[in-house]
Every structure is written in structure tokens, then in C-alpha cells.
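What follows is a pair of complexes built around chain A, which joins chain B in one and chain C in the other.
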Partner chain A sequence: MTEKIGHLLHELSVLPFSESAAFSLTNYTFWLLVGIALMIVFFVVASRKASLVPSGIGNLAEAAVDFVRNGIVVDVMGPEGKKYFPFIGTIFFFVLFNNLLGNIPPALPGTGTVGTTFTWAIIVFIVYNGIGIKKVGLGRYIKSFIPSGTPGWLAPLIFLLEIISHLLRPFTLGIRLFANMYAGHIMLGVFAIFAALAIEHFTPVGAIVLPLSFLMQIILRLFELAVAVLQAYIFTILTAVYISGALHAGEH
Partner chain B sequence: MELIIPTTVEMAVNVVAFIVLFIFMAKFAFPPITKMLDERANKIRESLEKAEDTRVEAERLLEEYKVQMAEARAEATQVIEQGRKVAESMKVEILAKAREEAEAEKTKAIEAIKAEKSAAVGEIQKQVADLSVAVAGKIIGSSLSRTDHEALIDKYLTEVGSLHEN
Partner chain C sequence: MSALGAALAFGLGGIGAAIGLAIVGAKTIESMARQPEMAGRLQTTMFIALGMIEAIALLGFVLAFVLNAG
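And now, the complex of A and B:
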């Protein structure tokens, strides 16, 4: 059991294909590239099929794009947020495709490693702060960390807290997505181990555990599909919220 | 712990992935789709507006036709009413005229009859007078004077006249 769990954890950890090479792809980056390739193929086909009366894959892509543009971007930022849609949309579809790909064995989710999630969270951090600074200027942007009306003696403390809260954002953003993807696969692996053990040591207890773990596999697969979409949505909507906050930095 | 320390390789791959994907999505994937979405939204909005305009126009026309119909109906009723009035007055007029004419005709006829009668009576009186004179002359052999004759005639005539009047 312990050995099997150890094996599972090893399988789910970041493994370079070559230990010796200075720059080697890892198991996650391999599937990440597969996910990106699928995403590009999907959109090449979908954008070719764009027509006034949509059908098939074009319809799916349009529904998804419309969901992100109106359901997330316009909803959070208002109509003027539309110009940030390409960035936010790229993030949504990148996360979604990789999350979903991880649900097809033997693929791993490209988002199941901090290397991915943290990098993208840092990109979000740089972009939203960049947007804020570009909008109101560096001085006003930094000043906006202290809400107007704050008593003078409290200002340094508030400022410090704001800085910390901003700096924590890429961590929370990255860790949340990574942990969800990683934990989902651990759960799937654990019930797979249960099933395997029940078959290996076939006992009366095993006879009960086997169908239950099998059932759990099915339930967790469905659950993971929901999590894949939900986490893509959360990552994206937080990005939109951060950008929106930066855009309105000078207003309070 | 190494679980949450990102590796340089993965981070580098992801930075490249982001740049490539962002350029691809922003330049090639999203524009045709968002353009199509906007176009469709516009088209639908236009169609709806057009439909609304058409509906309003149709309602306006219907209202107009209703008014026209009512007007036409009122006019027709008026024309019929007027016709009836004219006919009525004409009838009264014609009847009155007919009555008048008939009356005139009748009066004329009565006048004529009266004239005829008086003429006839006059003629008879004259003949009777002459006859009487002749007869009387024969009987008394022209012994009567002119004055006597006339007195006799008048007396007779008065008698005949009163007879006739009765």
C-alpha cells in the first residue's frame, strides 16, 4: 500500500524525461504541449467555421468565447473590458484545455504542476499591475493602495497590508489551480490503488471495496470534469477582477 | 516541498507557451469568432428593430384603415339618409302637385260645365221667348203691344228659372 502510494506520488511529481540534459521536458510539460496543440487545432478549425449561422465545432467555440467575453469579461469589467478579452480568453482556454486533457488517461493536466500555474499567475500579476500603472501612472497607482480617508498613522500599515495582499495574489492564484488539479489526480489514484489491492488480495472486504472504488472512480471522474471547468472559470474570473481593480485604482 | 517549487524548465516552457498562445489567440483565433458574434448580435438587433418598425407601421395602417372605414361607413349612411330625405320631399312635392293639378282640372271642368249650362239655359230662354211670342201672337193676333210682350216674357222666364233652380 505505502509502496503503491509512493509510486502514485512519484508518477504525479514533476519528472524530467532526461535527468542528464540541462533542458529537458517533463511529464507535465509534455502533456501541456499536447493540450496547447489541441487548443490551437480546435481554434484553427473553429475560426474557419465561423459563420453567421453557426454549426458544430464553430458553435461550441462561439458559445465558449461568448461565455468568457460576456459572462466573465463584460460582467466583471463592463463593456470597456472587452479590449482585455484576448488576454483573459487566452488564459481561460489554456487552463480549460489543460484541465480537461488531464481527465483523459494517461494524460496529466498541464495545469497539475506549479511550474505552469505559478508562471501563469505571475503573468497575470505582471499584466494587471502593468495595466493599472499604464492607466493611472505609477505614483497614483501606488498611492491607490491606501484608501482615501485612511488616518495618517494607519497609512503605513494599510500600505504594507495592501502590498502583501497583492504579492500573495500570484501564489493563491497559482496554488489554488495546481492543488485542485493535483489533488483530483491523487484521489483518482488512491481509489485506483484500492481497486488494485482489492483484486490482488481478494478477501470478503475486498469484494465490497472493489465495486465501491470502481463507483468512486466514476463519480470522481465526473467530479473532476466539473472541477476542470470550475477552476478554469475561477482562475479567469479572478484575473478579470484583478485587472478591473487595477483599472479603477485611482478612484478610491 | 519540492512539489510547490516550480522548476525553471517548466516556467520557461510556460512563458513561451503564453507568448505563442496569446499571439495566436489574439491575432488569429478570437477575431473571426468575436467578429461573427458581434455581426450576429447586430443582425439580430437590426432584425428585431425592423420587425418592430414593421409592426408599428402595420398597426398605424390598420388604425388608418379603421378610421377610413368608419368615415366611409358614416358617409354612406349620410348619403342614404340624404337620398331618403330627397325622395321623401320629392314624394310630398309630387303628391301636392298632382293634387293641385287634379284640383285645377276639376275646377276647370266645373267651370266649363257651368258655362255650358248657362249657355244652354240662355239658348232655351231665348227660344222659349221667341216661341211664346210667336204662339201668343198667333193666339191673340198680334194685339198685344211691345211692352205687354216683354212683361209677359219676364214673368214666364222667372217662373221657368225658379223651376230650374229647384
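And now, the complex of A and C:
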């Protein structure tokens, strides 16, 4: 059991194709590139036959883009957020395609490694702070960390707390997506190990465990599909919320 | 010993997050029942809250792996 779980964790760890090269593709970056390629192919095919009344794949792409534009960007930031739609849309589809790709058995989710998720989280951190500073200027942006009406003796404490909460944002953003993808695959693997053990040592208990673990595989796969879409949504909506917060920084 | 620590890290982290998720879910349903016309915006806010609470449970999960590896 321990040995099998060790094997599972090894399979899910980042393994470079070439040990000697300084910059080598790893199993995760390979599938990340596949995910990006699929995303590009999907949108190129969808937009090639653009018409007023789209059909088939074009319809799907249009519904998805419309969801991000109206369901996330305009909903959270209002009409003034529309100019950040390209950035937020890129994040959404990048994360969505890589999350979903991880559900096809030989593939790994490109987002299932800290390298990818923390890169996006740090980009989001830089972008939303940059937007805030550009909008109101550095001085006013920093001053906006302290809400107006705070008593003077409390201001340094509030300021410190606010700085900490801002610095924690990229950390939680990155860890949430990574851990969801990673944990999902470990869960699937653990139930596969249960099934394998039940076949190996076929006892009356094993006869009960075996169909149950197969059933759990199916249920967890469906759950993983839902999680893949939900996590892409949450990552994107939090990005929109952070940018929206920075846009309205100087207003109180 | 580190395995026990890992189990405690994830278990105790999970309890807190589970209570939080339950409160968020229950309150959202309650609010939706009271004001169905606000359902869309409530759902968006709910997902934001869910994401933030979930991160706490997942920190425990990651910590469990770190403890187990060390």
C-alpha cells in the first residue's frame, strides 16, 4: 500500500524529460503546451467561420466568451472593466483548458504544478497593483490601504494587516488552483489503488471494496470535471475582484 | 509522528473550512429564498467566499504533504 502510494506520488511529481539539460521540458510543461495548443486550435477553428448566427463549435466559443465577458467581467467590475476583458479572458481559458485536459487519462493538468499557478498568481498580483497605482498614483494608492475615519493610533496596525492580506493574495490564489488539481488526481489514484489491492488479495471484503472503488472512480471523474470548470471560474472571478478593488482604491 | 502531524493538519484544517462552507451555503440559500431576484449576484459572491474558505482547507492539505515528506 505505502509502496503503491509512493509510486502514485512519483507519477504526479514534476519529472524532467532530460536530467542533464538546464532547461528541459517536464511532464507537466509538456501537457501545458498541449493545453495551450488545444486552446489556440479551438478558437482558430471557432472564429474561422464567423457569422452573425454561429453554429456548432463557433456557438460554443461564443457562449463561453460571452459568459466570461458578462458573467465575470461586467458583473464584478461594471462596464468600465470591459477593457480588462482580454487579460481576464486569457486567464480563464488558459486555466480552463489545462484543467480539463488533466481529466483525459494519460494527460496531466498543466495547472497541477506550483510553477504554473504561482506564475499566474504573481502576474495577477503585479497587474492589479499596477492598475491601482496607474489609476490614483502611488501615494494615494498606498494611502487607500487605511480606510478614512480610522483613528490615528490604529492606522499603522490596519496598514500592516492590509499589507499582509495583499501579500497573501497571490499565495492563496496559486495554492488553491494547484492543490485542487493535485488533490483531485491523488483521490482518483487512491481509489484505483484500492481497486488494485482488492483484486490482488481477493477476500470477501475485497469483493465489496472492488465495485465500490470502481463506482467512486466514475463519481470522482464527474466531480473532477465540475471542479475543473469551477476552479477556472474562481481563479478568474478573484482576479476580477482584485482588479475591481484596485480600480476603486481612492474612492473612500 | 510526522504522519500523525500531517493527518491532524489536514483534519483540523478541514473541520474549520467545513463549518465555514456550511454557513456560507446555508446563508446563500436563505438569502436566495428571501430575494430570488438577487440570486445571480448572491451566487457570484458565494463563489468568491467559497474560494477563500477552500484555500484554508487546502493549506492544510499542502502542509500535510510537506510534513509527510519531511
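The rule is simple: the second predicted complex is superposed on the first by the 252 of 252 C-alpha atoms of A that agree within 3 Å, B and C clash if a C-alpha of one lies under 4 Å from a C-alpha of the other, contacts with A are read in each partner's own complex, and residues count from 1 in each chain.
Criterion: a contact is a pair of C-beta atoms (placed from the backbone, for glycine too) under 8 Å apart; a residue touches a chain by one contact, two chains touch by 3 or more.
None of these values were measured; they are calculated from a predicted model.
Visitor: Touching A:Pro16 in the superposition: chain B (first), chain C (second), both, neither?
Guide: first
Visitor: Give the label of whichever partner, chain B or chain C, reaches more residues of chain A.
Guide: The partner making contact with more of chain A's residues is B.
Visitor: So, A:Ala228: does it touch chain B (first), chain C (second), both, or neither?
Guide: neither
Visitor: Quick one: is A:Val76 in contact with chain B, with chain C, with both, or with neither? Answer first, second, both or neither.
Guide: second
Visitor: Classify the contacts of A:Val136 with the two partner chains as first (chain B alone), second (chain C alone), both, or neither.
Guide: It touches nothing on chain B or chain C.
Visitor: With the two structures laid over each other on chain A, which partner does A:Thr172 touch: chain B (first), chain C (second), both, or neither?
Guide: It touches chain C, and chain B stays clear.
Visitor: Have a look at where A:Ala183 lands relative to chain B and chain C in the superposition and call it first, second, both or neither.
Guide: second
Visitor: Check whether A:Ala249 is in contact with chain B, with chain C, with both or with neither, and answer first, second, both or neither.
Guide: Once the two structures are laid over each other on A, A:Ala249 reaches no partner at all.
Visitor: Tell me the contact category for A:Met39 with respect to chain B and chain C: first, second, both or neither.
Guide: first
Visitor: On chain A, what residues does chain B touch that chain C touches as well?
Guide: Residues common to the chain A contacts of chain C and of chain B are 175, listed in rising order.
Visitor: Report the residues of chain A in contact with chain B in the complex, numbered from low to high.
Guide: Where chain A meets chain B, its residues are 13-14, 16, 23-26, 28-29, 32-33, 36, 39-40, 43-44, 46-48, 50-52, 54, 61-62, 65-66, 69, 85-87, 89-90, 93-94, 113-116, 118-120, 123, 175, 178, 182.
Visitor: Touching residues of chain A toward chain C in the complex: what are they?
Guide: Those in contact with chain C are residues 75-76, 172, 175-176, 179-180, 183, 230, 233-234, 237-238, 241.
Visitor: Can you check the complex and tell me which residues of chain C touch chain A?
Guide: Counting only chain C, the residues touching chain A are 40-41, 44, 47-48, 50-52, 54-55, 58-59, 61-62.
Visitor: If you look only at chain B, which of its residues touch chain A in the complex?
Guide: Per the touch definition, chain B meets chain A at residues 2-7, 9-15, 17-18, 20-22, 24-26, 28-37, 39-40, 43.
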